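Multiple structures are listed underneath, in structure tokens.
Below are two complexes that have subunit A in common, paired first with subunit B and then with subunit C.
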Partner chain A sequence: MSGAHHGDHSHGHAAPARPAIQPGLSKERLREILESRLAAKTDSRDLRGTTVIVARERLRDAVLLLRDESDLRFDQLLDISGVDYLAFPGHRGPRFAAVYLFKSTVFTHRITLKVEVDEDDASVPSIHDLFLFANWAERETWDQYGIVFVGHPNLKRLLNHHEFIGHPLRKDYPCQKRQKLSVNDPMIDQLEARLKQRGYTVLEHGVFEPGTPMTYHDKAGAAR
Partner chain B sequence: MKARTPAGDIADLMTMNLGPSHPATHGTLRIFTALDGERIVATACEMGYLHRGFEKMIEQGTYQQVLPYTDRLNYCSAMMNNIAFCKAAEGMFGVELPERCITVRIILTELSRIIDHLVCICTNLVDIGALTNFWYFFNRREDVYKIWEKLCGARLTNTVTRIGGMYRDVYPDFASDVRAVLPGIEEAVREVRGLIEHNKIFVDRTKDICIVTAEDAISWGWTGPCLRASGVDRDLRKDDPYYGYETYKFDTVIGTTGDTFDRIMTRIYEIGESVGIVHQALDRLKPGPINSTDARLMMPSRQQVYHDMEALINNFKLIYEGVRPPAGEYYDAFEAANGELGFWIVSDGGTNPYRIKVRPPCLTQYAAFGAMVEDELVADAAASLGSINIIAGELDR
Partner chain C sequence: MVFKPTPASVTPEVNLGDAFVTTRVDAVVNWGRRNSLWPFPFGTACCAIEFMGMVSSMFDVSRFGAELVRFSPRQADLLIIAGTVTYKQAPVLRRIYEQMLAPRWVISAGACATSGGFYDCYCTVPGIDEIIPVDVYVAGCPPRPEAFLEAIWQIQQKISGEAIREQKAIGA
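After this line comes the complex of A and B, so read on.
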């Protein structure tokens, strides 16, 4: 592979060339490592055979192992997805699963971790401190499925409005259901939290008027 | 608001909402900032203004009915999304596509990548105030859109593929039309490079601005041209090739520092590589069947339907029910213009998808945006937002 640098127009301190991508471990070997070290089990549903189910108590250990072990090096969290098996034919076991897709920039191998959780205790430990992207990915999964990521610093909805009630991708959320959402999220709390994180001390809080609900008028002019 | 800075000074911070946020526009974002003078000191980003419930909607229809929705993910390169979804679904069936179909898909993919990059770069330059480039690039994009129109009647949302092949074969003059637009694209790239590459205003506005290091880009989950601009030489077409990309001659373009300049330039140079791939694919385009003959996916010919009972039943089943992938879960990735576009599909063996999670490449880029622009100037945030190419259709789904 030859990289066409456009560095000749550039800053003088060219980044060291990264080695070419390596094949990595076979899926059988990956499953074996996770099975022996973290008591994970292979998910027979995955048609590619690259998904393993881990207990939620072992999730953070599994993610650290995948990220840091020299022959694994899964340094990219691609996405976190939820799934609700409520309507899945013949499904037995926990209702929800959180699904973590990983890939590597060192090896071509890929792996998917799945954590199964019951409806009455739908929570998994957060990995926001292990991958920068996990913060938002966990917010989206919480928003869509109501799976709580324990330890997340700001578990707010990501796609839906903050007034939205329920979790739309759950199989028992009716797809035609409508909700009236009108008040803007002032987000000043998030901004102040970020300022604090960056070493600022807020002495005098921002002045803002929380949005007031809008009034809608029907054709006859009556407010509703 | 009054705040004590990390250096111990008292600063009077101003809060301001940044971002394209007119209610009538698509692609609305909200970047809430705290400013110390013109410098951004903290951000809180919001998204979801174009959230349509894509993943809920597509659970209601059949697999082939997912395709029009995928058009509306990254609508600057709709065909690429069609092809990426079909590739994922075809992977579940394990179906082999005819050579001609694959070659046509590569031509459409690379042309889509070109027009996606053209839009990204020229609107980014408009944000910086370099308006001329816009006309150079949009005229060439229009040439490609004329081909799209002749190919399927639609310009923006094409729905041109089907699981198992294409909506139909390309029209007779397709290859010569494509060959005819390529020199114009290369010329436009030369012109724009001439205008910006050594332009002091442009270089000052973009060099060493909003740097994302390779390490951060990887941890943010960046893929595609933005990751490559940070110096990480990774491209699915090289690393995990599909559709025979390993047999095409092209280079991956990488940056050195991961600043706004590198992100723009990576895309500019990638256009040239894609033009090269299209030339090679056109040379290989031979007559032949365009669609798979797999009866699980494709309709039998009229001739068969009228003369063969099995074909008639097959025809009815495909119309009334649709295609049925095997029960199971499957993730498939595609090197789209913006990075890795992935579909994680859960099938219960039925005709409707049980669950499809889209892995949109620009979500990871936008997730990083807040941290990227902190300590930069407001005007640089605007220049940098264009360089990460947020397309709200796929961002908000």
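After this line comes the complex of A and C, so read on.
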């Protein structure tokens, strides 16, 4: 077989052997743990049966439990997303949901947390201090759905530009409504923060000259 | 080269032979411009892959003198927008265009750059001619490298007909 020498560590600096991924808990057992310890309830709309709904107040407890418990070890936050249930067939209850996808690199199991929030109080506690990745993921979810992550250090738009008004993935946003950007966002504040974080001293605060706001033209060449 | 003394009775031009070519300034300048286009690829999507196909050996755009790809707009005179342009990128593209020295030409390659393509949504510019003037549009999603070559050729044809006295107005 041509791949017979594939595992030959003859170069002398082989990476330390990675422990094999162990079989995890069954989804029934995972649901049981979350239901008994955090009063979570299973989301019947998830046909795979790996989604549980937790109360907003218990979210951080749930994330800590999933991350740190020795037989759970959900050490990867894959994504934070949002759902807008406006006009969802047969839906009753809060309009929005924040969805947290977790994976373990130690065990083979996965779980999805869902937090339902009402339209008039669409806010969820931030978990940016528990998972580094949550910082940008929460910014994106706020940008697209308008779900506020309370305690986030820099809840700015991530995908849409800074002159954008509204949240485009909400079902009541007219999806063809375009919003033009006149001046680019130089993001100097974040650059300076990153420089300071890496041990540099910012001697002079750069002044970005954005130029004149740009204009757009229609097909005939007239400004609009 | 040996110069013979010219008899005073003969007009000097007769003896020059083929050492001179008479032409128009426009023809010489346009000849240089059209055969040494320096493209700046603004590649944002899959059309840029086809641009790479055009530049590399299979299609070889250097046959047309446009192989010297520059990644500074100050050194380029042919802007090729190959891919989707969002409103967030629009001021960036506009600034790149404004940094290019005149004379400059623009190719809008593919469906997205030309019309927004199938991105009929809140974030995509429906055609970059909202932002900058375009000389040649290329159809396709993405266009084949041959279509890119055709666009280069059409730009060359366009340059051939230009007059130096009628330079494009800046920002036109």
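Here, the second predicted complex is superposed on the first by the 183 of 224 C-alpha atoms of A that agree within 3 Å, B and C clash if a C-alpha of one lies under 4 Å from a C-alpha of the other, contacts with A are read in each partner's own complex, and residues count from 1 in each chain.
One rule holds for everything that comes next: a contact is a pair of C-beta atoms (placed from the backbone, for glycine too) under 8 Å apart; a residue touches a chain by one contact, two chains touch by 3 or more.
Here the structure is a predicted model, which is why all the values come from computation and not from measurement.
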- Task: Scan A:168 for contacts with subunit B and subunit C and give back first, second, both or neither.
- Result: both
- Between subunit B (first) and subunit C (second), which, if any, makes contact with A:160: first, second, both or neither? both
- Message: I'd like to know which partner A:112 touches here: subunit B for first, subunit C for second, both or neither.
- Response: first
- With the two structures laid over each other on chain A, which partner does A:181 touch: subunit B (first), subunit C (second), both, or neither? second
- Message: By the touch definition at the top of the document, which applies to A:37: first (subunit B), second (subunit C), both, or neither?
- Response: neither
- Message: Quick check on the superposed pair: does A:194 touch subunit B, subunit C, both, or neither? Answer first, second, both or neither.
- Response: first
- Task: Figure out whether A:29 sits in contact with subunit B (first) or subunit C (second), or with both, or with neither.
- Result: neither
- Query: Where does A:79 make contact in the superposed view: on subunit B (first), on subunit C (second), on both, or on neither?
  - Reply: first
- Touching both subunit C and subunit B, counted on subunit A across the two superposed complexes: 159-161, 168, 173, 175
- subunit C contact footprint on subunit A (complex, rising order): 159-161, 168, 173, 175-184, 211, 214, 216-219
- Note: in the complex, subunit A contacts subunit B through residues 1-7, 9-11, 13-15, 17-18, 20-21, 43, 45-48, 50-51, 75-79, 81, 83-84, 87-89, 99, 101, 103, 105, 108, 110, 112, 131-133, 135-137, 144, 157-161, 168-169, 173, 175, 185, 187-188, 190-191, 194-195, 198-208
- Query: For subunit B, which residues are in contact with subunit A within the complex?
  - Reply: 1-6, 10-11, 13, 15, 30, 32-34, 41-44, 46-48, 51, 53, 55-57, 59-60, 92, 197-198, 207-208, 214, 216, 218-221, 223, 231-234, 238-240, 251-257, 261-262, 265-266, 269, 273, 326-331, 333, 340, 342, 344, 346, 348-350, 354-355, 357, 359, 363-364, 367-368, 370-371, 374, 396-397
- Task: Mind listing the subunit C positions that touch subunit A in their complex?
- Result: 87-88, 90-92, 94-95, 120-124, 126-127, 129-131
